[in-house]
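Look for subunit A in each of the two complexes below; its partner is subunit B in the first and subunit C in the second.
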Partner chain A sequence: MVIKVNRLSKSFEYYKKELGLRNSIRNLFYREKLIKEAVREISFEIEEGEMVGFLGPNGAGKTTTLKMLSGILHPTSGQAQVLGFTPWERKKAFKMQFAIVMGQKNQLWWDLPANESLYLNKCIYELDDRQYQETLGELTELLDVKDLLNVQVRRLSLGERMKMELIAALIHRPRLIFLDEPTIGLDILSQMKIREFFRYYNLEKKATVVLTSHYMQDIEGLCKRVIIINEGQLVYDGDLHRVNDAFAHTKLIKLQLAVPVRVDELEAFGRVKSHDAFTVTLEVPRAEVKERSKAILDHLPVSDFNIEDIPVEEGIAQLYRRREVNHALA
Partner chain B sequence: MPWLKKYLKAFELGFETALEYRFNFMISLISAAYPIIIQSFLWSAIYAASAGSSVYGYTFRQMIAYTFMAGLVARLVRTGFEYEIMDDVKNGKFSKFLVQPMGYFPYRLASFLGQKVPGQGMILGLLGLVLVGLNVFWGMQIEPLRVLAFLVTLVLATVLNFLLFYCFSAISFWIIEVGFLFEGIRIVTVLLSGGIFPLEVFGDRFARAAGLLPFKYTVNYPINVLNGKLTGSEALQGMLLQMIWIGVILLAANLLWRVGGRRYVAVGG
Partner chain C sequence: MWRWGDRMNELWREIKKHWLIYRLFLKNSLMAQMEYRFNFIGNLAMESGYLLVKLSYVVVVYRSGVSIHGLSPDEILLFIGTFVFLTAVYAGLYMINNFGLRGKIKDGDLDLILTKPVSLQFMATLRQADLTIFSVDALAGAVMVCIAWARLSIPVNLVTVGGYLGFLGISSVVSYCLFLLPQILSFWLMNTSAIAEITDSFWDFNNMPMDIYNRWIQQIGVFILPIFVVTNFPPMFVLKKMPSVYLGWALLLPFLLLGLVRLAWKRGLRNYSSASS
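This part shows the complex of A and B:
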């Protein structure tokens, strides 16, 4: 077991300011304190070598959870064991074995070439020269940035910089990697390159990876399992492709018609999700797929016919909208 | 000692960064000369108008010598990392030090010293020139032993000032935007340390009160070691006090950072 989280919670104090100067002035003297429960009693476990997608809408508590698991923040309550350590005790032996990469934060020295920062990390993680050269060679090769090591970081493009950030984070060959939106703002090719790199890295090094991303391709390309949280609460933990099972009591029937049919006629066979002249998507209850299909084939001028599951994105979006789904799952 | 290497590297990177910004440093030297020149005119006027030959126990030449040395020594021990710390805390960059096996305090110290070294070298050179000038034109005595003692007190003064400002920068954990507060603190500490005028200028009671604070040991005391105001045993006693202050402030810094660190909220993605 690499990660074991038990009823972890974190709340923050903050204050509100209403619109306008008058309220700004009022705020100088009096600030109403409010409590935001960023993470509420979440529990889960992650095994060695797993690659888990950690999903949720903006502000759901993903980053806060990752910060607690990496020891940056103390939780308000609850326990966590990461690599056998309590992360917020910040033991050196713990720090030597993991890495966290935040797509929106950089750790490289802005004014110096990347290899200076990488060398600093070599010293920080107390690597010997051979180890360092080996890992550096391998990572720069994989990410295709060998020629850029001597360029000042501020002169690199966003994609190049992200690759350097990844090298800096992985130079000590961590067993556990937290990736917080590593592909944010990158073009499609860079995203693919980085995905490919992590797929390889996870397979080759047996490293455990926890990944948050808003790009579905990142998640579908890399993670078998996803953990979804919303408003600080865990709403789903399981196979990515079974996200829909919980509430997908429906299936989609896609039709190609030989002759256009009026919508109100189509509605007799199921909920019309989309339609133009010749293509129609109908949503029908899972239990009635058979009868409905038969009826459709018998009564409509069908030239092509397909039964599909609701796409994963849609299931996830539903989870983002609804909070109490976990009860339905239980 | 692999653990030492990381801080040596941080020292080196600080050094390199300082060299990257050498133009900025030259400008800061010129700006340091400005108040020294103004004060020299000021003191000329004061001494010309006064009846006796000494003011606050200083002759005109002693006062000008003090002004020059104070300007340079204050610059030598001056920090600047407090703004970086504020930025680290405000923008969540402090996080990276919490997840890496590197202490923030020794890292800051190493990087600070690294950034200081090139400038310190130049200022010490300038100070040497000033001393030679004082010796040649005004016949001021310079004893090699005092110069040596001065250099030792200077190292201690730099460390002490580092610690003081390391403490002040912990305010960042409680108040988010503290840039102006740091500027205020800097002005008050320069004054209390004797970095502008000798402390005697403010009167006996003030000088005695200032003696109870650590600031005096960053500027006023090293200068008094150099210019012969202190006897040998007084100079040694001062060194001991510098070390005691370093110990006390170190403890305070430790406490403040431990309490403050728990307030850190690691904002941003």
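This part shows the complex of A and C:
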């Protein structure tokens, strides 16, 4: 087991300030302390070599959890074992074995070419020359940035910079990688390249990867398993493609019509999710798919017909909206 | 016994590793500054000009031939040279990191360095250097000290040179700790610019030998807020004007302050809340 989390919680103190100068003056003398429970008693386990998507809406507690698991933050309560260590004890042996990449933070020296920062990391991680050159050669080849090593970081594009950040994070060949929105702000090609890279890296090095991203393509492309948290609580832990099973009692019927049909006529067959002249998507109860399909084919001018599950991202979005904890599929 | 030996070996390995990384920090800082060559040369020129202004005080002291509280112009030059050299250490090696620390704490920029297998305090407080300030001031300070040393006919032997360098080392540690401590408060208070600016202005208390202040101020400046230890002790040692109680205090103080800084740092770090991303 690479990661074992047991009832981990983290709360932050904060205070509110109402609008205006008067309230600022009031705040100078009195501040009502409030508690924000960023993460509430979450528990899960991750096996060696797994690639797990860690999902949730903004402010759900994903980054806070990753920060606790990488030792950046102390939890308020609960336990975690990562690679056999308690992360917030920040033991050197633990730090030598993992890496964290944050899409919005960088470790490279801005005014220097990336190879200076990479060399610094070589010394920080106590790598010998051969090991360093080998890993550097492999990573720059895979990410196609060999020619950019001597270019100042400030002159690189966002995508190129992120690739260099990845190399800096992986130069010591970590067993465990936390990726916090690694493709944020990148164009589609750079996102694809980075996804391909991690797919390969996970397969080749058997590294465990925990990924947070708001891009579904990142999650669908890389992770079989997802952990979803909302308002600090775990709401789903399981197979990505079974997310809908938790609550989806409906299916989608997609129709191509030979002639246009009015919406009120379509509503007799199911909830109209989308509609234009010839294309219609209807949502129908899962248990009634057979009867509804027959009725549609009998009464509507159908030229093409398709039955589909609710898309995964829609299921995830519904989970984001749900407040109650649901371990049904865990 | 073996365990003790292993620990010592491990400690020695860590010291060597941190020294190697520190040299890389200095090299990277210098290279980063040199990327902007006009700015780099401009800074060198500005720092040299600033130094010339400081040197004009020395000229005044020599021209007038005055002695300050029994110190001859040559002795004053030794004090000023020491002050200029230690200003190089403080302003060139510590200040930029000290001033940046509260921003790092407030904006969550300690996140990534917290995960590196080196001392966080080391990474956060020594990562950057301004080597234009350091090189100009250190060179000028060293020249002044050498001139004063020769004019005062201070013998060059292991005791005087070793002692003076040792006290410079102590002063460097003391100034690192003294000016870092107020910044560590940022872990609790987030913004400590007011406190930091006040303590930073204390540096100028070292401009002149502490003998110009009355006895009470001297005692406070040595034992309570030990700012006078920084630039007064090295010249006092070679001029044989150091009371034995000061000698003992000078040997004890760096350990006390380093311990205090470590304690405050560790406590503060528990309060680190990063920043939302």
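Some observations on this one:
As a convention for this text, the second predicted complex is superposed on the first by the 325 of 330 C-alpha atoms of A that agree within 3 Å, B and C clash if a C-alpha of one lies under 4 Å from a C-alpha of the other, contacts with A are read in each partner's own complex, and residues count from 1 in each chain.
Throughout what follows, contacts are C-beta pairs under 8 Å (C-beta built on N, C-alpha and C of every residue); 3 or more make two chains touch, one makes a residue touch a chain.
Because the structure is a prediction, the values reported are computed rather than measured.
When the two complexes are overlaid on subunit A, subunit B and subunit C occupy overlapping space and clash.
Shared-chain residue A:I316: touches no atom of subunit B or subunit C.
By the touch criterion defined above, A:S70 reaches both subunit B and subunit C. Of the two partner chains placed by the overlay, neither subunit B nor subunit C lies in contact with A:L257. In the superposed model, A:M96 makes contact with both subunit B and subunit C. Within the superposed three-chain model, A:L139 lies out of touch with both subunit B and subunit C [touch as defined at top].
Taken together, the two structures place residues 12, 63, 67, 70-74, 90, 92, 95-96, 98-100, 102, 104-105, 107, 109, 111-112, 116, 119-120, 123-126, 180-181 of subunit A in contact with subunit B in one case and with subunit C in the other. Residues 12, 59, 63, 67, 70-74, 90, 92, 95-96, 98-100, 102, 104-107, 109-112, 116-117, 119-120, 123-126, 152, 180-181 of subunit A touch subunit C in their complex.
Subunit A meets subunit B in the complex at residues 12, 63, 67, 70-74, 90, 92, 95-96, 98-100, 102-105, 107, 109, 111-112, 116, 119-121, 123-126, 180-181. Only residues 2-3, 5-6, 8-10, 13, 16-17, 20, 92-93, 95-96, 98-102, 262, 264-266, 268-269 of subunit B touch subunit A when the two sit together in their complex.
Across the complex, subunit C meets subunit A through its residues 17, 20-21, 24, 28, 31-32, 35-36, 108-118, 120, 270, 272-274, 276-277.
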